[in-house]
Amino acid sequence: MPTITYRDALNQALKEEMERDANVFLMGEEVGVYQGAYKVSRGLLDAFGEDRVVDTPITELGFAGVGIGAAMVGLRPVIEFMTWNFALLAIDQIVNSAAKMLYMSGGQIPIPIVFRGPGGAALQLAAQHSQAFDSWYAHVPGLKVVAPATPYDAKGLLKSAIRDENPVVFLEGEMMYNAKGEVPEGEYTVPLGEADVKLEGSDVTLVCHAKTVTVAQRAAQQLAEECGIAAEIVDLRTIRPLDTDAIIRSVAKTNRCVVVEEGWPFCGIGAQIVDYIQLYAFDHLDAPVLRVTQADVPIPYNKRLEKAAKPSPERVVEAVKQITYLD
Amino acid sequence: MATKVYMEALSPTMEEGRIVKWLKQEEEPVMDGDVLAEVETDKAIMELQARGEGTLRKVFATEGDTVEVGTVIGVIAAADEDIGEILATVGATEGERRADGDVGPERAASGPDTAAPVAVAGPHGAAAGAPMQRGRVKASPLARRLAKERQVDLRVIQGTGPGGRVVRRDVESAVSGPRHVHAPATGAGYEDAPLSQIRKTIANRLSQSIGPVPHFFLTSEIDMERTAEARDELNNVPDAPRISYNDIIIKVVAQALRQHPECNAWWQDNYIRYFNEVHISVAVSVEEGLITPVLRNAHLKSLREIAAEGRELAQRARERKLKPEEYTGGTFSISNLGMFDVDQFTAVINPPEAGILAVGSVADRPVAVEGTMTVRKRMRVTMSCDHRVIDGATGARFLQTVKRMLENPLAIVW
Amino acid sequence: MAQTATASVLDTERAGFYRELLRQMCLIRRFEERTGESYALGKIGGFCHLYIGQEAVAVGALAALRDDDYVMGSYRDHGHALARGMSAREVMAELYGKVTGCSRGKGGSMHLFSVERQYLGGHAIVGGHIPLVAGAAFAIKYRGEDRVALGFFGEAAVNNGAFHEALNMAAVWKLPAIFVAENNRYGMGTAMERASAVYDVATRACSYDMDREMMDGMDVLAVYEATARAVARARDHRLPTLLEARTYRFMGHSMSDPIHGHYRTREEIEEQKARDPLHTFGDRLIEAGIMSSEDHEEMERRIGKELDDAVAFAEESAEPDPYELYTDVYVD
């Protein structure tokens, strides 16, 4: 099986879906002539021309709205945000227009659109360029929120997202674009709404998604080597709709859970997951569910401070020790 | 009027009892005061007397079962009386177990003088080894569920979680009803032995006294002259791997453990696993700390094999290349700090193993031999024992064997 | 300042068309009056913005479109919906929150939708739907069609970033979009001159090198003709236009706002009522002999019956089933 980067997996997904369906087009800042700020759209302008690979002005609200308007009348836009940090300017469109149109039109107007781009902190980009908005979008009924961790999932999920009849917020990461992984040749999709057990284990469940899957994997390795603890890693892959069954199944097995996420703690994804666990797995719990999140601060520029702000394998290990009563 | 037969607290510290023998069988007539059964308590074998008259209509525990105090184990009633309701409830809920202040109708009817069975939550129970918690018990939801399923009173369990929270492991170690006695198993390399009541009491009391693994220590000074000579001779053999004192100690300990299997065991909460095979965990210091690669089947290996394999494991341990199965599964540990000129030290047990031998340096020391002061190569070893598994005399006998073998290395091949 | 377009002389051969324009304006006026009554009786809830006074804008502009063109509006959308040919029944039922409403009772006054009539929504975030209009126009161009996309919004929306972002893209990409600013002089209670550095909305198009026209928004024919020119530009040349209709609302901003409030005088309203598009256009048709007073009365009578029917329909229709709460959140 070929090993390719996350970036190229996304590129393949876009190319294949644009070949498959003439209604699919890509729009965003620098997606065409520049070949993509992070080169996800490399080669697409040559392949599909400027009608379908559309460079926009720096006008996030505007082109998000244009995408939604086009989706209202039957196109299937893929809107790239150079980063999700800039999409705050467009969040009115995403929430008020895309997410609600179907409902307030009484089911008449679906919005089959994908908003995608990298989110969360990269390296030393400071407060305004280092934000994980996963929970913001996951809060909104009408949106689907997808956050793949591997090249395989990235490709399969993006293809599913493009084919979905609903607005999908697709969260990537600057730090993940170079990640490599096996991606089969030929057609496949990964369904939205299904978590993936990335590692089976019996002692504690680590719920994670996107960048924190790597954090959880490192923590799991350390836990196995140093404490003989077998962690189970549940990669959510889709935040909304959330695969609660997968989480509950795992927690029922391990009786313990640590939720790892990149965003801020308050009202975060983990808060929601903890709620589901206390609701559906209460009698399976042998310890409180702990969360490892970004520190509750804007991301600082200084490298050491930034590192301290982000979720780390060490913090996950510490949390696991606490709830396995090992410390 | 039907009378329930409870497992009674037949000693002040008894929490559960084992039915040694039923002296009355089902459908046999029973008089008040008749001995119904022999019960092994934590102290002795006692008699359980009938507290009602009629027929022993039903028993719920069979011989050999261990049941918690307060559990209904039988029903005495008139031969034609309908006991369907009791049958339906017993065993299904913990409601049938006496709890603090729970005065059942039959007890009220039989009057205060009809000594009700001492409940686990009674004053004696509270005074016993496992102190009764007052008020709300802090327990994890899972522990609560397990306790309910297994009919354990959470209040008598000592929680080991934060703030004394009762967690799953506490319930599991507290549990030993008929449903949870670990069925004695005999695997290829070990044999499981159920805990006798006295063994359990020792374990409980000592754990409370000193911590989850109640250690005690035995020290012995060993004359190493003959071992030193033997080692020198072995190391003079051309092209042979170099043999260290530690290699010889491993070999000797492995041999001695075969002779003293009671020290080659794991504490398993509900039972003790005695191993037929000897797997020695050898403490190796590495950059980040300590790891214990396991020399498997050390009792079957020659000194040369032990030397070669031990060195190889230690090397890979320092490179952090050990696989998990290479540093788990040991049955006894050896820690040697002799190379650091440590005369003597105590080592911490590596659970679930029950013993570890701490080995000091081999040093020339003045010693009286047959009334004359002379200088001999001497070595001090200290064995840490888990008292739940190994008693003082047991450990001492093992240590004596080790000492004798090292003082007369020929015994290795004996 | 852009030239204000005024209506040409009446062409008697188009009598039927003129009568239809008047009928639609009257329908909207009477519909809104009924709406006000039902609101006062508590039959209609929430925010409710009446279109009384502005009828000529919706009717004139939409008369210039084909059925397959796309139309969107703001929250003051009852008039747009009716002028687009949606039935008084489905609109009134929606205001009543009934399942027979055009949005199944889930949208309400501010979110009227009919895919069948290509009325793609009343949208209630000021300015938020202007990019959507550009998006529909983008789709038209993408598919090589000759439709147009037309969007209504109030003059206060033009100080919103969404307006500028949408117009810039429509101009730079040459999209067949028509942006109709209904300048009724007040954004809620704030007069345009107190909120905007430039009073003439149409002038804003200069920033984007976009065609523009200012229309007398109280003259249905003026609006129709200016819109028709914009439609031709869009259909034939894929060029966008910004239209400004100078109009006036005779009612308060919403049902919770008094008619004149603190921000405008009774005198001003009376003065504006002299421009009432129904009266001026009705008088014109009668004067030109296109319609008699009796015809006019008959038209009003029919509209009255149509609205009696619409209100009865809304009254009698069922509420949505409770399970409807959870439908239409996602396409399964």
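Note that the chains are named A, B and C in the order they appear, and that numbering of residues resets to 1 at the start of each chain.
Everything below uses one rule, namely that contacts are C-beta pairs under 8 Å (C-beta built on N, C-alpha and C of every residue); 3 or more make two chains touch, one makes a residue touch a chain.
These numbers come from a predicted model, not from an experiment.
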{"item": "Chain whose average C-alpha position is farthest from subunit A's own", "value": "B"}
{"item": "Inter-chain pair with the most contacting C-beta pairs", "value": "A-C"}
{"item": "Innermost chain, taking as reference the mean of every protein Cα atom displayed", "value": "A"}
{"item": "Separation of subunit A from subunit B, taking each centre as the mean of its C-alpha atoms, in whole Å", "value": "49"}
{"item": "Distance between the centres, which are taken as Cα means, of subunit C and subunit B, whole angstrom", "value": "85"}
{"item": "Intercentroid distance (Cα basis), subunit C paired with subunit A, Å", "value": "41"}
{"item": "Residue ranges of subunit C touching subunit A (in the complex, touch as defined)", "value": "70, 101-107, 111, 113-115, 120-121, 123, 125, 128-140, 142-143, 149, 161-162, 165-166, 168-169, 172, 327-331"}
{"item": "Contact footprint of subunit A on subunit B as seen in their complex", "value": "140-145, 160-162, 167-169, 324, 328"}
{"item": "Subunit C-touching residues of subunit A, taken from the complex the two chains share", "value": "25, 51-52, 56-57, 59, 61-75, 92-93, 96-97, 101-110, 112, 141-142, 144, 165-166"}
{"item": "Subunit A - residues contacting subunit B, complex", "value": "224-225, 228, 255, 282-287, 325"}
